[in-house]
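See structure below.
Per-chain numbering from 1; labels A, B, C and D assigned in written order.
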Amino acid sequence: MKIQRLTFTSLAIAVSASAAHAVEIKYVLWDSNQLPAYQQCATDFSAKHPNISVKITQSGWDDYWTALSTGFVSGTAPDVFTDHLAKYPEFVKNNQLVDLSSYIERDKLDPSIYTDGLYEVWGKDGKQFGLPKDWDTIAMIVNMDMAEKAGVTLDELNFMTWNPQDGGSFEQIVRKLTLDKNGNNATSDKFDPNNVAVYGYQNPGAGGMLGQTEWSHFAASNGFKFQDKPWGSQFYYDDKSLADTLDYITGLAKQGLSADFKNTQSLGSDSMFIAGKAAIIPQGSWMITYFDNNVKSKYHWVPLPKGPSGKRATMFNGLADSIWSGSQHKEEAWQWVKYLGSADCQSVVASKGVVFPAIKGMAEKAVGAQMQRNIDSSAFLTMSQSETYLPPIAKNGARIDSTMESAIQSILLGKESAQEALSDANKKVLRYSK
Amino acid sequence: MPFMSRKMKNSLFGYLFIFPALIGFLLFYAWPAGRAVGISFTDWNLLSEPYYVGLDNYVDMLEDDQFWNGLKLSAYYVLLNIPLQVMLGLFLAVAMDRLTKSLFVKAAILLPYLLSNVLVALVWLWMLDPILGIVNSLVSFFGLTPQAYLGDPDQALVSVAAINIWRHMGLCAMLFLAGLQTIPKYLYESASLEGVTEFQMFRKITLPLLRPVMVFVLVTSVTGSFQIFDTIAVTTAGGPLDSTRVIVYYIVQNAFSFYKMGYASAMSVTLCMIMLAYTLLQMHIMRASESDLN
Amino acid sequence: MILIKKMTPARCVAWLVLITMLVVTLFPLLFVAKTSFVPAGELYTTSTQLLPDNPTLSNYKKIFGLLSTEESIAAGGSGANINITTSMINSVIFTGIIVIVQTFNCALAAYAFARIPFYGSKLLFGAFVASMMIPSVVTLIPNFVLMRDLGLLNSMLGMVAPFFLMHGFAVFFLRQFFISLPKDIEEAAQLDGANSFMIFFKIALPLSWAPLMTVATLTTINMWNEFLWPFLIATDDSMKTLPVALQSFKSQTPQGQPDWGGLMAATVVATIPTIIMLFFFGRRIVESVQFTGGK
Amino acid sequence: MANITLKNVTKRFDKLETIHSVNLELCDGEFVVFVGPSGCGKSTLLRLIAGLEEITEGVIEIGDKNMNNIAPANRGVAMVFQSYALYPHMSVRENMSFGMEMRGESKENIHTRITKASHILQLDELLDRKPRQLSGGQRQRVAIGRAIVREPDVFLFDEPLSNLDAELRVDMRIQIAQLHKKLKATMIYVTHDQVEAMTLADKIVVLRAGHIEQVGSPMELYHNPNNMFVAGFIGSPKMNFLPALISDIEADNSVIVAFNGQKILFKIQSDKLSIGDPVTLGFRPEHIHLAKQEDGFHFDITVDVAEHLGGISYLYSRFENNNMTIEVSGENVLTSGDVLSVGIKQSDCYLFDQAGKTLIERVLPNR
């Protein structure tokens, strides 16, 4: 009796469940700032596809990847997830990602709607492992209260030049903005480099294999190139252009224009900027909202300085949405990924003005949306139209990253000369990337 | 049960008693540990099938500078952490035993232990920031030179140890205090009649009679600090310049960043062996379960 | 009486050191409390102050879900969905089950190791103690796969599974105590016709209240703060425990800063139950940390 | 019937043998005392009988039934521990009823027995107290009460009075003796105190290093100890031992013992002695007279310390290099440094060979 009733009940539940809920797609992302936008997309999507519901989970950057790896191993990973260029090669190698090319072909998707380069980096050997969702570039944020006091105009800031020898106009501005405890700036002879109150420029850190906000833009504008081609096994970290750049950055701290590397690793350069301890720092476009919420002084985003190459350079990085190869609902997952990569969803994201969506023209819309909130983020657009380069893509990325992080730390800490440390590191990198 | 020998009957009861714990042990410790040994003989990146490589991982390990560096740092960390933590805990315990019965004091020193590792690490990361942190502003206030703490390769591990001492000192003190309270007061009375100084009493009476507690604290806190991970992950991520890349951090990094599960397992197995040997040695030397009071 | 104790120079120094240590102990906690009242924009400008300039409750409102996502982001927060009430209830259930069942199981095992001479007892005890030495990174993946195979993901049973059956520390600790229990009381019970189970329940357990409380307290604190396992098992919002929920205040973006204000407020709230416990059972818990009883 | 038989009982802890093949017969209703110095195995033997320890070899029978594999609770024994071993968290009543509850006795039965026992031991007022609220003597009585309510065939006492002060100890000793008369159960009592042994026992078992040295009634042991160990252990103050020599051997194996220049003939049944063998003379302090005896030894002693207890005095003295204790009745003014001439009757002498075995059989005084 009892057993019978139980079976019946569970049967009833099963039937009603399948009738009412249809398929649930699990989707994860790490940036909580973007959550409201994608929640909106999910709601819109379900309205169009009543048989698919989307469940979004957000968790912080570090935990995100731990949970994802465990999910892959145990077969419990989400159907769709936000993917990162530094991480996806490993997943591809282990067949964790669904090749989207057949879906793209079937549904006649046009990749050219995406900003140039964003679609291609997610493909390899004719396969496609992600659909672009957004892009980011790097710019510099300047404390305008300090700039005005130092007599630095916005125009000067917008058109800075840089070279590794004398630092160009960038260094002149940094010197004017650097103040010691007595209020002397670094152009003055009375400047005391051992008692600095405000640093003109703050390098965020060592930056690992990317140097995304740290050094890659300086180095690239000085002629540096990471590798021969995406997925290539040839790396050029031992190039003099990078060594000179890192020597220059290290030199800033020696002159008291930046804080020592060892003093900036706890709360970091962002906090120093917010606290008014640094006048200029480089940062990525994903931080626009964060700074607007937290900086209480007048500030402005300015493009990166032009380097010896005569051009500005920035890393152009993009995220994509990938489908896990273990998903039980690949078709429904694809529908969601397609929607995420469509103008419908990306215009929602653009209107929230949190990141720059991948589809051409959407970034301008996002800048406009930010303008309405009195944020001028056009510097990032300017940067995207300058010389851009992709982050290096290689297998064993994590080990390369770890190796480069150590090497660059030792340069910034003054323990090793840049050229020496980089040559050693590059040898290891070449071994890992084989 | 007349045909069952006492020993057999005892064994029956013994196993009934430990049954739930034994299941837990076999399922969640022994089996995974056994698997780890198995995995250590393979190359496995978590995602695809592992394949057998024999002793390769162990051979690689012996040649890996980072492994030795990690072991060295862990040992250094333990040597830094434990004596200080035990001494401070012991001091607090003796001070509380002798100076005050205040519940407030006891509760206060136990408070840091109520916060999780991660939160403690975050709070100290904030307070120890060389430029924005309150510690350096206090240091400057007293006319001392501000330090880089977690950012300085020479200070980072010491800072991590200090953070953990701050969290665990109170617990240590409570354990010692409990041990102290089992020492009969007349021993001190008779000693003071013989004109023994407080310090001598501490050395000749307190310390020897605290041995069981001492063994317990040493074994658990040494094995605990050998596994230090959370604090480092939050504060320094192994840096600066590998100065805090202790062995467990390196293992986790290999497992979950480099996806080298076989290699990580080989190192884990080795670490287990080392800690096991240490514990056995320690128990042997200090005759763990014996107390001179009984 | 206590106050009249003579203040020798040594005592004065001891008092001084004790007070210094108390200050060092409590100062960071005050700092946490202070930061929880600081509005987002002033976090870094007031980080070296002892008191906030413009104290606010917005951090607390945020963690109790009283601010909308947009408001929360505007207040410098993460905007993550935090429902600290649900997660607090989950934490209470999670911690409660583990503490009760684990303490009981470990007491049973510890008693057997201390008192019942059975085949293999020394070996097994050694193995139990050794289990403390297995780095958790080793057991994580196999345990997780096991939970999946048993279909226990996203379930309370799956969350408590690796903890509630046994814990090396608890067995070790309780065995040390049981060894010190006067043996003849148990022998008297044996003569009175009690078997091992009855001796355990009627004699050993009632006499072991203090160390049991100690183990339970330590387990409570550890489990209340346990993060990684519940994080991996409970992906569903309705299942999240407090530390897992708190995690969303930490790094939302690769280089982003934690939402310090929210984090500190949540820390204060998360610590309150343990502090209440400490005060409620106050004397008992603090003094229950004991090694020998019975005498 | 609760006679107890031990056959070749041996106990080894790991490799260490602590009881060496002990054989012993105890009759139903007897009050048996195990005595011996600490570490002699008397407590172990008791625990083997109780079943708290398992015997390694041999057989233990209670009431002619083999008890080797019977659980302690089913052997019909009750035990009173040295530490009392009361359950600290239970009231006196609960302490006493615990065993009966374990056996599933009826409520009324438990009640009647507790009432009866508490009446015998005057515990009525204390039934609802916890052990920590009781004095040492009261705890001791509760421990005994807990044994009584079980109505065992055999009572086992493990040094039950050693934690009490002297006065209480005498009190309790008498109570236990009365209890034995009243209950008529077999009782085995372990002690290292020979006074308790002498006063309580029907039968004393003297143990040394895991061996039984001698079994017998108190008077048998007093008058006819098998060896110097038993002789020295039974009797208070201790027997004095003095060296002597065999100076001659008669045809009927009688020997002439030379001591202090005097020669006396002892009738013994031994042919193992030869002339010149050293022997040991034993004199009990209470048998030494302050005057030369017609038939016996006499010698001079120097008093070191004199203890005057009123009715009697103990003189701790020296004869040559040997310590001598002498009991003197009546009041006297003897003091340190006095030289006295003392004598002892031949019939009060004990004689032991080189190995310490007794050489003479003494005649027990008839009543």
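Everything that follows uses one rule, which is that contacts are C-beta pairs under 8 Å (C-beta built on N, C-alpha and C of every residue); 3 or more make two chains touch, one makes a residue touch a chain.
Here is each chain with its UniProt name: A = Sugar ABC transporter substrate-binding protein; B = Sugar ABC transporter permease; D = sn-glycerol-3-phosphate ABC transporter ATP-binding protein UgpC.
Computed from a predicted model, the values in this text were never measured in an experiment.
Trainee: Based on Cα centres, what is the most central chain?
Mentor: Taking the mean of C-alpha atoms per chain, the most central one is B.
Trainee: What's the chain with its C-alpha centre farthest out from chain A?
Mentor: D
Trainee: Go ahead and note the Å separation of the Cα centroids belonging to chain C and chain D.
Mentor: Going by mean C-alpha positions, chain C sits 58 Å from chain D.
Trainee: Roughly how many whole angstrom separate the Cα centroids of chain A and chain C?
Mentor: Whole-Å distance between the two chain centres: 37.
Trainee: Could you grab the centroid distance between chain B and chain C? Build each centroid from C-alpha atoms only and quote it in angstrom.
Mentor: For chain B versus chain C, the centre distance works out to 16 Å.
Trainee: Using mean C-alpha positions as chain centres, tell me how far chain A is from chain D in Å, no decimals.
Mentor: 91
Trainee: Can you tell me which residues of chain C touch two or more of the remaining chains?
Mentor: Expected reply: 44, 47, 141, 250.
Trainee: Residues of chain B that contact two or more other chains, please.
Mentor: In chain B, residues 7, 46, 126, 129, 132-133, 256 touch at least two other chains, as defined above.
Trainee: Give the residues of chain D touching no fewer than two other chains, as numbers and ranges.
Mentor: Residues of chain D never touch two or more of the other chains.
Trainee: So, with touch as defined above, which chain pairs make the list?
Mentor: Final set of chain pairs in contact is A-B, A-C, B-C, B-D, C-D.
Trainee: Can you check the complex and tell me which residues of chain D touch chain C?
Mentor: Those residues of chain D that touch chain C are 50, 52, 71-74, 77-79, 81-83, 85-89, 98-99, 102-103, 146, 150.
Trainee: Touching chain B in the complex: which residues of chain D?
Mentor: 54, 69-70
Trainee: Can you list the residues on chain A that touch chain B in the complex?
Mentor: Per the touch definition, chain A meets chain B at residues 62, 65-66, 69, 72-73, 90-91, 94-96, 206, 259-267, 271-272, 275, 277, 396, 398-399, 402, 405-406, 409-410, 413, 415.
Trainee: What part of chain A is in contact with chain C in the complex they form?
Mentor: Interface residues on the chain A side: 30-33, 35-36, 57-63, 66-67, 70, 73-76, 204, 213, 267-268, 270-272, 274-276, 283-284, 286-287, 289-290, 293-296.
Trainee: Give the list of chain B residues in touch with chain C in this complex.
Mentor: 7, 10-18, 20-25, 27-33, 35-36, 46, 88, 91-92, 95-96, 98-101, 103, 105-119, 122-124, 126-127, 129, 132-134, 137, 166, 169-171, 174-175, 177-179, 181-182, 198, 212-213, 216, 219-220, 223, 226-227, 229, 248, 251-252, 255-256, 261, 264-265, 268, 271-272, 275-276, 279, 289, 291, 293-294
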